[in-house]
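Two complexes come next, and they have one chain in common, chain A, joined by chain B in the first and chain C in the second.
Take a look at the complex of A and B:
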């Protein structure tokens, strides 16, 4: 049904703007696409007002390509750089109030379930480190404790980028930023650990310089959130402006940070493993013939 | 009543089955939702104007519960309310009984108001209730509902919000709610609570309205006290929300989204951004205006007027102040004073036209209120300025949890009419076209 609104009404095709025609004819709606095909299809997010070299924008593009059903996905965000790009995508975006994204997503996903039952309507929250770990912290944590069935993605640039470079809870200790004139005095918040403690069914950390991996974790997170529970992805999406990273060194920086504090990690609950395996044919969680079952963590 | 039945029903410490907060016990043979499933959908016209009603003696919170039972509510989100009233826990019972489809206890009011906004965007009918400090805590979200054009009904059981801390009635929170762009009703009693909530759902979802409705009452006086409420059969309910009907599309990925949701940079600093924001606000307030016809149709008017023609003085009041004023009118009559009463039911939209007509010949208007700042007196004075030469006494006022002795209101009517010394209203609160300082010298010089 929702695909109808990205189709042309009879006779109107030739009057539609080229951008729109490209989206209908070469867009991802109702098709299976992959990041490896980038450049050969129309992405839901192309034009945006983000800074040159912004790693966050690359990550958002990859995430949107990875959405399993972009035509039935609604994104939710809050103030920050990310929403400047997210709001330009060809999928609905809720921009509510400051830090309320996980509260909005709780009501939205429950309401959509009431109306559409088992038909997937994927709700994906994408907010910055300030929106997620500072101002939205309470609603984020409570949505996880309640096991709300939507995905939370933190676009972690380790700074308040949109407001001009102030310290956030996700800033590293010692970093000198606005509002941290003597350097940040406490550690980067461990939101990954908190997500696990709060009962998320899937938690992953990624950097944007491995598109296939970004695609893989986003897909899993969105699928698991359909039925199993909350999922959380924390992505390092550097701010090349506030951290003065030369535009051509942004990917290099991502690699350095990956090695320093953003190594790929993935936690998946047993229930989520079983769900992905049985419902979506994932093979990676099947017991490997060579290894005894006891070697799988949590299956002792 | 048999012993077994009693122990089954009386689950709360007070042992009162009506206010029991537990959902009915599961009985394998009996579907706990059976009664809810049997409810029949009727038109709002039938529900409000024709359906037979029976009278029950219940609290305001119970009246709210009974209104929600008959309103096809999809999603209710509860917080124990800062401070507490029973309303949202009673809605939990409706969830257990299947009258409300989805329900949960939120983390606090900021989260609750955000989630209500999410639910309304999903296209389902949403209800919540809060009070005083809870209202202000959730206000960033609440104040954004009108701009997002979200049909919602929220109940505000007004309480003290300022220091020193108190949990008593005081309706100062209304002074911002009426300026937020939402439709605001003020319930005098349990019956109003019941009627206004049900009418609220119907009005908020009208295509040319598509706005949240706030139903206010003065906490404790209405929520915790009992009154007679005439209610339609509980086997009837209003038609459910039709998500496609709103003026702004819901966010269900079934329809192209509204540009408002797409274009976050509306707040950027350029002429088009200012212009977009300005016209959007104009449209919100135009929608408030368009709700008048539905308030007239489903609630019988934005105000009620009693004994106005030929009265020596008029009392204009809303909420619990209207109840006290009705008694003051009776006392005045005993003293030989012919006083009329105008009860304002809808604060937004405000009954400006009605007041201009009713107050045209008035000599004296007394506006008693349950707050310090006197928001209603200012509204009345603004509405009738140039249309009435009446002297307006902005008071008496009680606040911080006091109830209002009716004698205070009678005193002000007498002060205004006879020059009897007023001990409760400051000179600065005397307004009107013909006020002469010498003539109001008997009012308090300072407070």
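Take a look at the complex of A and C:
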């Protein structure tokens, strides 16, 4: 939980595997990195067993790059595809029982504040749509109502992809899946609206076909969660297996879905805007200067 | 045998958009080297693939063809690549990486 853990123990340097040495010497720890530098530094995410071409993998990769202080971050997850990759990163990962990730994160976040005081330690929950909107729904909503200060990210693949393709609350109405052969009979849950009602300080929907936007959204969410309150990001991360999307068409699908029904949206509370501006120098929320008075026609 | 992505240095080093490095779902797989293009007299460096980590999804091909419109990436059977980058032969630097190319198929 600090730069101290990202170094070699005395005498062990020469015995460490290449990946670990690269991580210590050329990883993102203690540096300011961005998606524009991708491919030129060692990323915290290592090899993992997620499917080829998975959009969720891409989102997790971008998220790990976007964390403002990876050395001071803990990720919390639950059952689902995402944990297969999230757990394979040089960031401590806590694996909750199915659905209790926001309860675990609440305790963790409070404990870290007691232990480390003002020094920011970020807790980020990354769970699937089943873990967030179905099985973990009660704990997710309550953590938001309590204004627990951590970030919740939903990896929304709109299906239980890990167990063969059952419908989830986030599946679209009418979708036919392997384990939902008659088609889903109910609408997709509106978790974004629920997050706003529950009082989240920052709510965003995003699709991973715009890496810079993903980076910006995650940075803001994590920074706001340090002091202001709960933050929620809902990311469309298609399941190319259960929805039979050819792997080379995953980004095309993301683009289509973004235009069709998953447009980028961002809600920031006034308190969070003020916090980002004053504390972290964000200029986009400053009041716009008044437009100059229109020239009076005929008086050049 | 299986397919892996192969980036044409000649095309990539002329454009150097780096989009494939941002869209590959696998971490530490498509990397960027300043030397790979500049050594051959091109203006920029080039992206390259650590083939031992490539899962062959071809997302980079779609991105290169449709978003960047460079058509620099093709999927090739791994035994048809005479030389390729492998994780063990990649060195990270301050702002770039370097790779010593070797045969990806042993034995």
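Here is the rule we go by: the second predicted complex is superposed on the first by the 284 of 300 C-alpha atoms of A that agree within 3 Å, B and C clash if a C-alpha of one lies under 4 Å from a C-alpha of the other, contacts with A are read in each partner's own complex, and residues count from 1 in each chain.
In the analysis below, a residue touches a chain if its C-beta (ideal position, glycine included) is under 8 Å from a C-beta of that chain, and two chains touch if they have at least 3 such contacts.
This is a predicted model, so every value here is computed, not measured.
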Touched partner set for A:142, first chain B, second chain C, both or neither
first
Given the touch rule stated above, what does A:118 touch, chain B (first), chain C (second), both, or neither?
neither
Note to self: Just to be sure I read the superposition right, which of the two partners does A:49 touch: chain B = first, chain C = second, or both, or neither?
What the structure shows: first
Should A:110 be classified as contacting the first partner (chain B), the second (chain C), both, or neither? first
Between chain B (first) and chain C (second), which, if any, makes contact with A:18: first, second, both or neither?
-> second
Within the complex, chain A is touched by chain B residues 74-75, 77, 101-102, 104, 106-108, 110-124, 126, 140-141, 144, 148, 243, 251-257, 261-265
Within the complex, chain B is touched by chain A residues 1-2, 5, 49, 71-74, 76-77, 83-84, 87-88, 91-98, 100-116, 121, 138-139, 142, 146
Residue set of chain A touching chain C in the complex reads 18-19, 22, 25-26, 35-47, 50, 52-55, 57-58, 61-62, 64, 209, 211, 247-252
The residues of chain C that touch chain A in their complex are 18, 21-28, 30-32, 47, 53, 55-59, 61-63, 66-67, 87-88, 92-93, 95-97
